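The two complexes that follow have subunit A in common; it is paired with subunit B in the first and with subunit C in the second.
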Partner chain A sequence: MSATAGSSASSSTTRQNHAAAAPPTRRTLPFGNGHTPVPASVAEHDDGGGGSLSKDGSDASDIDDPDDINTKTKRKYTKDRKLGEGAYAVVNLGHRRATTTDSAIPVAIKKIKVNTEFRDGLSMDAIREVKYLRELHHPNIIALLDVFSSKNQNLCLVLEFLDSDLEMIIKDSSLTLSMADVKSWMLMSLRGLWWCHKAFVLHRDIKPNNLLLSSTGVLKLADFGLARSFADPYRPMTSNVITRWYRPPELFYGAKFYSSAVDIFSLGLVFCELMLRTPFLPGNSDLHQFELICQALGTPTEENWPGVSQLPGYYVPQAENTTTMVKERGKDFFMNTFIAAGESGVDLLMKMIRLDPRKRCTAREALDAPWFSQEPYPTKPANLPKKGGGKGIEKVGSDLKRKAGELFNSNDETSGRGKKVARKLDFGGGG
Partner chain B sequence: MTEDNLYASSTQCKTWSFGPSTLSTIRQNTNAAGIRSIKRGWKRARLEASSSNTPAATTPIPSTASTPTLAAATTPSIDPAAIPDPEPLTPEEELTLVHYYILRLVDLSDIYNFPSNVKSTACIFLSRFHLHHSVQSYHPKHLIHTVLFLATKTENHYIPLSDFCKRVPKLTPEAVLKHEFTVAGGVRWDFDIKHPLRAADGAIMELLTALGGVANGNGASDPGLQALSQRLTPNPVRRVQDTHGRMKAFLTKEALVSDVYYHYTPPQVFLGALWLADKDVAESYIEWRFGENSTMGRVAKKRKKDKRGKDRDKNGDKEEDATPETAKGPPLAPKLLSVVKSCAEMMTSARAYAEIPREELMRIDKKLHRCQNPQKFLGAGMALGAGLSDAMARKPSEDGVAAGKAEERKRKLDDDPFGGSLPGRD
Partner chain C sequence: MPSLTSSAATSAAIARARENAINRGSVDADEICPVCKSSRYLNPNMRFLVNPECYHKMCESCVDRIFSQGPSQCPVVGCDKILRKQKFRKQTFEDIQVEREVDVRKRIAKTFNKRQEDFPSLKEFNDYLEEVETVTFNLINGFDLAATEAKISAFEQSNKATILQNAAKAAQEAQFIQAQREFEREQHRRARELEQEAEAEEKRDKLEHRANLLKALQADDAEFEVAKVNKLARKKSSMRKENQERRAKELEAARNAPAFQFMSNLNKPISEEPPKPYDPLDGFDETNKYFVYREKYENPWLQDALNDRAMLAGGYLVQQYCERAVFEAFSGVGCFIEDPPLSDNLSVSFDTPMTDAVAG
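This part shows the complex of A and B:
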């Protein structure tokens, strides 16, 4: 209750700031040439450094050229050092240059590589990420500060710099995570997710290493390379999304019409992982993954999930050594495994990972769960356990440059874990 | 949290919504910038022409124009200084051209049978791009394919570029991608465009469901719905279905060619189109949802509601509306209806763009051609008499006309797979 109130209050402040910085009418004269509106941040900057940029006389400056704005944007940032490089992108630590009005801030500059497989211009991942991050402004969603193109027509995204992620925290055995900490991370994740869903955006790749943490402990949803808008009637969506360990049963059944419940399921499994300190359902193939779901949560049937047999890929796994049918697990089962969460915590968890997506709670309902307003209260972000430090920077750098949907970096894949990678998106074009 | 707030945080509201006077100021400034760039181009070309016209010059003019053949120094040179700068385009002429190419984009999209959201996004991209980039600097004919292809990607309707190019003769992947960054940056990377289409489809579904219920004897407790049903007799369901198609036609043409996207919110545009399609349906719908008997969408008493976004009928949070002070306010319907009517009016005015005579478009394009290709007119190849009056800009010598026409035809074939005329225009 108090949780949601806090969230909407802070997010509305952000929006007000935005509005104050850039009322529509002010956009007419940011460069003195009167016709080039720019993102608020650029306009602000130009107030400070605009004069120095005009090395050319008024006659020579081709202010009609979008490349010129691009150059100005580019000049706002410096590249400090490389954090990581992968097949999909290079991530550099950089900072925004200080101006008379703003101090320098660290940023992550994600340079999308020109993909050798995709020769059709801007890649879909990049377009999705830009499209949604331009719109979603929330304290629990990573901020896209600017976009520019480099010399070789590579797309560069300037992102808020965040120095660690939830996966690092989970794996760091030197840290002890209290239930209050878990509650805090869940709360922040749900607020971010609530905002996405509110704006009709599905994240479609919720997992611990896409939940980044700022140096002040604030959690932010990142990596919108698989995101899309939803709730368009009659418009099928691909079911080949979400990294396997976090993928909900309806996607294994090939559902083409699904909802925000897919993200809720993923986040429910992250919740489990935070408590177990290890992935709850680490399947090593899609088939195995689905068996794990059936064993842990129950076998989907018409009884517990009306209509499920109509889904294109419906089947019931006939596991060799387990009882063929598992009833949807009741509270006792979860109380045994997740006793630390307490009764109200288990109630919330169960609502998030119901088999039938229609029975899962929404992000909003989850935020209203009594668990959040009960003791122990969520830890303040600043007091949360932190990894931080140089290693954190490297890790997030390498995570940011991953292709959306991949679970591990390529060098990890060789380390005996097998290739547990979300299937690539099929664009339907056969390209 | 209401949908109003959500809309207010969108780039469409923050960066791409303007009052009428602001919009025309931006267009004037863009035009002025375009003129400056033309002047610079001509200045450069003059310098180049005068240096290349010296007898010793054998190097071809470094030409950005498409036909270097014309630049070959075959005839006695003319004095570039004697040729006046071309007459630049006015903001109105630029707008005419942009709207013409938006209509072309609509047709182009139909060749591929793209869904309405792809079509609409492409059109709005082009409109937004040219809001800040003069057609004198970027000819829209070079951009329409790029814009449409980009829209397929941003609307999650990607088709491989090779397939995309197959449908249009002589279209190459390189030509499509050449301007992709220019366009993407030119629309400020704001790929998410809020269309009225969702509101429209949602409202039609709502209407059909409610009226279906009335036909089955339900809804007696809702006087607004009863009134709506009565006004649309004898067959309300049929009437709404018929309206749907007409409304959609407005949304995928007039709404895109006019400036309504800059001045109104998506639901207002939808209601405007609904009003144009069938006044009775629109008015009774508004009265049902926002009238005296409605519990939602009241004018706030304490706090003046944002004039934008009255989309509370769909998925709206009722948290705020349910508070006593908002519920007590007068109904929103009269105010909303007047906004909707002015929006509809603006859409109707867009029809003029579909009726602009071909000669007028040719005249503007010719002017633009001259502006953009100074080398052709200053270069030694053209048999332009020296010392012509400024009327020359409009009336070149006979050779000039012939060459111009041939050039025009050639350009049409090269760049313009649709031959310059809109289907159904001639």
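This part shows the complex of A and C:
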């Protein structure tokens, strides 16, 4: 998937020759492979100032002209104000203009800066985001409404506007979260994740601030900047994905062949966080993170995880402070820590954060867990605790502009891509 | 020396005055604490408190002094009630008898809170009320205290559920009245605002009209311009009037309509919607129209992957690959080029999921 947007765009498409017989150069952005039809509305457009106006009332024969489609798409939306800006994207709050059939709706317009990091095209995150969001349509997945290019050939993603995220809810100490609320959020995120997996897409960056909440309380998976489709057999995937606190053990071991189980593990840790109101395993380095996993869940061994020693980075942490091997934690341990979830809740949690990815449940199996059909029943989305006010908007702005895989907004760090995704864990000689 | 004698004389005089005041009766009894005999003259901030156990009046400092260490006997001579500081409160009614009666009635009303709709006929309701009144009277006047108390607790025991229910109802009603009052206040405020706004608008328009008129008079074609300005002003004023009327009407409609609608729902128990049977997929259909997945797919190419320990340990699922292959093979089935592309109606609503998103 090479990302080469035609930055040497022919600026010859001016007002004059467009009206004349000379056909406009038809170009498409290069993110279409076998699986993805090139979005019809993704096309470049040279906006020569008022030039777009003359094209508006175009005749029917010109209907498929990408420039025209782009202009039309673009004119559907207006920018209201800026929510945030980062090295990677600018996020504006906007709205879709009201038409005769539809009323105006607020949207977030994420303008991706084309030439900041990649001389030759778009950043990978943007491509992934467009590629997968164009295909995934589910109430619990953020909707990508349209894509168009601005006059500087920046790519603009028009996303459904969502005003808060789960992290804000977790951190807001003025809210009390009942088990019914937690259940409702888990249910919605599992449904979103199930849909991703059903469409053979790995999200690979599940964490509370990528689980956005709409004003009606509906939870939606967002930020597909690290997503990819399931790999073919023998085709390695990178293990440097998923924000550290939510990364499953197999990725720390550098597994190149993994599956949807990685997302389930992350979501399991989000489940813990919803109950504890603080991250369950907040490691301050990859090594520390792995020690935390071993202490909390158990040390991976051949018994509890067949084949684990074959993984490229297999290692048993034996630092001075970590005493001996921890047996894989049983139900008692989780019952003590997460007593509020009840027995069936703990059962579900344990299935989601098993060490061995093959023993973890799938999203579909998790949805069938008895926990969801027991009292207290999941809260209706509209009744879930909400964080109101304009503060939320700003926060989401900063979330959107933050790059995938990053824990915090690190403005001080150099903006190279290598810095933002998880680094490979080097256990010194492990491989 | 003379100063000493004079001070002795004064204190004697104060003592005498006190005696007099106490003996004189109720008017001045308000001024002097019956326990410590301190007078309002000496302590202008004196407050009197009573305890609903015995209704003996005493000043705040006495209460602090006697009951701070815990429950203690009433200091009034002949009263052997044990009082607690917590229960002391300000007297609401001047007559202590009334105060006491109100307390008793409050207590009774809490227990005997049946309503007319709880009875089959008015007669039974009246009988019930009479009974309640008898109990109240007995309590107030101290007749048959033991028997009456027994009666009350028996009633309480046998009607626990209805008492609770009626209490909840009453609370709801109180809440409603509160809401209604707030709503009315809000309506008044809005009406006032509207009036002020209209007035300001009129004033502004007048000024503007005058300025325009002056400008028009300066113009070359004065007569024509003036006519134009006048016409504009007329139009504006009629528009303003219309606007005002419309808004007033809206306000009126709001005042009459919705706030009182929930009154009719008041006595209905809060209906918990019966929880729908749990649907894990929230209405999504996961059956595939043209194929079913098999448990296992035989393929020599996949054998290595199935046996590779590293691949197994990483959690890679060959089955997922097989399912994907099958899924993609059938994705095109049922899609026709003539049909409008799905993406056209996608952006209409966020919550309308495509039936089979990946097929597109």
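The rule we apply is simple: the second predicted complex is superposed on the first by the 343 of 431 C-alpha atoms of A that agree within 3 Å, B and C clash if a C-alpha of one lies under 4 Å from a C-alpha of the other, contacts with A are read in each partner's own complex, and residues count from 1 in each chain.
The rule is short, and it goes like this: a residue touches a chain if its C-beta (ideal position, glycine included) is under 8 Å from a C-beta of that chain, and two chains touch if they have at least 3 such contacts.
From a predicted model like this one, the values you see are computed outputs, not experimental measurements.
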Original post:
After superposition on the shared chain, which partner residues are touched by A:P357: those of subunit B (first), subunit C (second), both, or neither?
Top reply: second
Subject >> Which superposed partner A:K331 touches (first subunit B, second subunit C, both, neither) >> reply: neither
Subject >> subunit B versus subunit C as contact partner of A:L122, first or second or both or neither >> reply: first
**OP:** Go through the superposed model and pick first if A:H137 touches only subunit B, second if only subunit C, both, or neither.
**Re:** both
Original post:
Given the touch rule stated above, what does A:Y377 touch, subunit B (first), subunit C (second), both, or neither?
Top reply: second
**OP:** Could you tell me if A:D232 is touching subunit B, subunit C, both of them or neither one (first, second, both, neither)?
**Re:** both
Original post:
Should A:K198 be classified as contacting the first partner (subunit B), the second (subunit C), both, or neither?
Top reply: both
**OP:** Have a look at where A:Y258 lands relative to subunit B and subunit C in the superposition and call it first, second, both or neither.
**Re:** second
Original post:
For A:N70, is the partner it touches subunit B (first), subunit C (second), both, or none of the two (neither)?
Top reply: first
Original post:
So which bits of subunit A does subunit B touch that subunit C touches too?
Top reply: 35, 37, 39-40, 134-135, 137, 198-199, 232-233
**OP:** Within their complex, state which residues of subunit A touch subunit B.
**Re:** 8, 12, 15, 18-19, 22, 24-25, 27-28, 33-40, 59-60, 62-67, 69-70, 119-122, 124, 127-128, 130-132, 134-135, 137, 147-149, 153, 198-199, 228-229, 232-233, 427-431
Original post:
If you look only at subunit A, which of its residues touch subunit C in the complex?
Top reply: 35, 37, 39-40, 102, 134-139, 143, 145-146, 160, 191, 194-195, 198-200, 230-234, 250, 253, 255-262, 305-308, 310-312, 356-358, 360, 364, 367-368, 372-373, 377
**OP:** Flag every residue of subunit C that touches subunit A in the complex, lowest number first.
**Re:** 275, 277-278, 280-282, 284, 286, 301-302, 304-305, 308-318, 320-321, 324, 327-328, 341, 343, 346-348, 350-351, 353-354, 357-358, 360
Subject >> subunit A-touching residues of subunit B, taken from the complex the two chains share >> reply: 1, 5-6, 8-11, 13-15, 17-19, 22, 25-26, 29-30, 32-34, 36-37, 40, 117, 132-134, 137, 149-150, 153-154, 156, 158-163, 173, 176-177, 180-182, 184-186, 188-192, 198, 201, 205
